[in-house]
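Letters A, B and C mark the chains as written, and numbering starts fresh at 1 in each.
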Amino acid sequence: MTAAIELMDVRKAFGPTPIIRGVSLTIEAGSRQALIGPNGAGKSTLFNLITGKYPVSAGRIRLKGEDVTGRRPHEINRRGLSRSFQVTNIFPWLSVFENVRCSLLWPLGYGYSFWHRVDAAREARERTERVLEQLNLAGRRHLPAGVLSYAEQRALEIGITIAGGADVILLDEPTSGMSRSETEQVVQLIRQVTVGKTLLMVEHDMSVVFDLADRIAVLVYGQIIAHDAPERIRANAAVQEAYLGLPQDGGGQAPALR
Amino acid sequence: MSLPAAARSLDVTAAGRAGWLRRYALWLGAAALLMALPHVVRTSAAIPVMNQMGIAIVFALSYNMLLGQGGMLSFGHAVYFGLGGFVAAHVLNLAGRGVVWVPVPLLPLVGGLGGLGFAVLYGSFSTRRAGTVFAMISLGVGEMMAASSLIFDKFFGGEEGITANRTKAPLLLGLSFSTDRQVYYLIAFWVLVAAALMYAFSRTPVGRLANAVRDNPERAEFVGYSAPLVRFVSFCAAGFFAGVAGGLFAVNYEILTAANMGLAASGAVLLMTYIGGIGSFVGPVLGAILFTFLQSMLSDYTGIWLLYLGLLFLATVLFVPMGLAGVLMMHAPAWRAGRVAHLVPAYVAVALAALVAVAGVVGLLEMIHFLVTAPAAAATKRLFWTTIAVRTPVPWLAFTALAVAGALAARRVGPRAAAALAQASRPPAS
Amino acid sequence: MFELIFFSLLNGLVFGLLLFMLSSGLTLIFGMMGVLNFAHAGFYMLGAYFGYAVSRALGFWPAIVVAPVLVAVLGVGVERYGLRRVHRFGHVPELIFTFGVAIVIEEMVQLVWGRPAKSFEIPRVLDFALFRFSHGSFPAYKAFMLVISIAIFLFLFAAFTRTRAGLIIQASLTHPGMVAMLGHNVPRVFMVVFGIGSALAGLAGVIAGPVLGTFPGMAQVLGSIVFVVVVIGGLGSLTGALVASLLIGILQTFAVALNVSVGSALASIGVPVDATGPLHDLWRVTVAQVAPIMPYLLLVLILIVRPTGLFGTRET
């Protein structure tokens, strides 16, 4: 099975400051994985590198076996990778309905057409409705996205990310700023929409991580120090040291990491 | 307009969305109105003004494809208007000499193609970025074209420009367009067609993405679209329709000069579009009508009409950034709830206060204008239907008092009007 | 020939430094607030007219002080009651606002002073030829302009790099948020910078008015060129503004002085020119006629190739 994402000794420096110092990572297709690490480790930067927002300083990135190093975001997106953002990044003046529909137009093959009437596109409409139902936003479909509550906007953010049918999905802190109940709803949503797809998410909420992830990668100071199943990560001494700053007494229960 | 206000009006409109006839009723009604207008308004001076309005409407709508729909502020859109007009004028001359067969009704299309051609050329490098960089490039291109008009004598006709004669063109269906009225119907036809096409464009995939790119170009990239390419397509479409307006101008006035491409013309379309309201499709239409009306009417009464337009523009930018159409849309919830009548008392109060303040300001400005331009011997001026002795202190004090009093009164009743609107806009109690 | 080069160089220097006085304020405002102040050239025009009015009442030397102050007051007013309001709507409305201010300034000037140009006279004290060279002479007044411009540059340089206020302003240029967190009143810094920038434009107007003419179109004539200078030099960079001003000032002056046709100029450097081809209109034209386009060509080129300008670090 081809890996969904392969990072081969990826490095990124901003000016003289190295942020990503040689990351080699393989995300298997169909798996749900989490990327964790202390603040400033470079998780968002890594996302930005994978999705083409920043060019790498060195190394190569493969998406589903194809080298996408140096490609622009929309080119990477068209090859089946979609991402959400840590700071809500929607289209505030478009209606909720339009927000989702816009993310469907390219996958449905409309391209830069100015000869189709988008209101007559039945499949676009139906798929949008289905996504809105999943997000529980059907009743808000005509409101400008900017007036939604924070949690609704985060849900919409996820909706825009998955609506297009991408099979590699990157979620950047999808539950940040949410209450317990909101988090549970979002976890349910993520579980639903990533069936049969590859998921890589950055998360700080450990309960979410352990709930959803098959494997966890730990990024510290721009390097992956561990990439393993959740239980083994829990017990990993290097991980504990990175989070807590001092070596723990051997084995045993890791303290709650959140 | 603020997001919550937009939400309220959108929410209610959505509930009212319904059938085919209702959707096209607006267009059919507009067509009927346009056809009937010359019969309703019978003054002979009206037709030229209406022709001017029609051209401005197409121009402003094309401009809003960039500004309102695409978020691109251009200071050089008149370039495509002017170049389209020049191309149309040259083709008209060629048609008059029998070199090509292009009847007058097709000339706006020729203009559009001219505008499109140059838009493709200049858009190839202008649209890579939006925002200030785009605005500056558009300014640079505009000034460059205006300056180069003196070099390319043959195309731009030097200082006198290019003239053409529409009656010499080959006839189509026997129409010779020798009268203003016939030109009016041609313009009305093209206004309708161009507006319908531009509206349709906004409902196509690339049109929707233009809105998305305006809102959030980064996000648009992450749903698979190259933001610069979306902007480029919008830019070319806007250039096409600006060229159509230019072609209509060529047919109507039968002369094009470099001034039609210049910063003044680009500034004018910015003003009229913004005053009308960039947030809706109909805003630029309202702005074009209002601007043309003020331009033609005011210039009969006062020499400083451009100052008034500039002040109106500033006031719009500062206090009413959603424009005329936006203000009207803000009243949609109240209209649907049937509570517009509640607004009348507070609104009348504000209107009176504003009128008093405006009268004061206008009086002062007109008197200054008089002092500067009138010969030293002249002492009186006719203003507001009375004769004013400008060189005495009384009128000055009076107008100042009016301006100050009106402004203070407006400040007091303004909040009351806003509160009345908020009250009337509340969703009906279930 | 040598005389032509010599005087063109001198005049180009004078013009270039005048452009610098104008563009320094604009680039600071642009770099700090992200606002392209369309009305900047309008402040220049107001400086000239205020200078004219004050010099008729009190004399030229008081005018040099009073006029920039008046313009600064106006500038501060525009910032505080206009720009600050529009700021929260974004950059595009800010641009549109300053465009509106530019229109209103131009119309108000025409209202109060009328359309014909004003004869703003050079003060008698400076109205002589400083020196002669071959057939040409260099007016003392232009030397005076040079002196003032250089003095301004030195003052700005010293103020920004040696004083605490200057450091705060430099920091606010790139990190206004951080500066605010450190306890400084950033809106007040913006207002002060706007005022200083406007005063500089006004001063440029006072000293240029007698030489370049005091008429309602003077803002438009210089306005676009100043934008070109700012963009080419790089937003927020004073050094860039200086370099670009001198570059454009000297280029323009040389181009205007050259009466050769573009065709022969190109031919003289070996580019083949077809006298009967479709572009022959272009080849027949003199370099002097092409001169007005050059700044805009440069502007468009720079924006395509290097939007941050020669010395700048930000695009918007």
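A few comments on the model shown:
Basically, contacts are C-beta pairs under 8 Å (C-beta built on N, C-alpha and C of every residue); 3 or more make two chains touch, one makes a residue touch a chain.
The model shown is predicted, which means the values in this text are computed figures rather than measured ones.
Hopping across touching chains, the smallest step count from chain A to chain C is 2.
Seen from the C-alpha centroid of chain A, the farthest chain centroid is that of C.
Computed centre separation for the pair chain A/chain C is 49 angstrom, with centres defined by C-alpha atoms. In terms of their C-alpha centroids, the spacing between chain B and chain C amounts to 31 Å. If each chain is reduced to the centroid of its CA atoms, chain A and chain B end up 44 Å from each other.
The multi-chain contact residues of chain B, meaning those touching 2 or more other chains, do not exist; every residue touches at most one other chain. Those residues of chain B that touch chain A in the complex are listed here as 3-4, 6-7, 10-11, 13-14, 200-201, 203-209, 211-212, 214-216, 218-227, 229-230, 233, 237.
Residues of chain C touching chain B in their complex: 34, 36, 82, 85-86, 89, 91-93, 95-97, 99-101, 103-104, 107-108, 110-114, 220, 224, 227-228, 231, 281-282, 285, 289-290, 292-293, 296-297, 299-300, 303-304, 307, 315-316.
Of all residues in chain B, those touching chain C in their complex are 67, 71, 73, 75, 125, 128-129, 131-133, 135-137, 139-141, 143-144, 147-148, 150-154, 263, 267, 270-271, 274, 304, 306-307, 310-311, 313-314, 317-318, 321, 365, 368-369, 372-373. The part of chain A that touches chain B in the complex is made up of residues 51, 53, 72-74, 77-78, 82-83, 85, 89-95, 98, 101-103, 105-107, 110-119, 141-144, 146-147, 160, 164.
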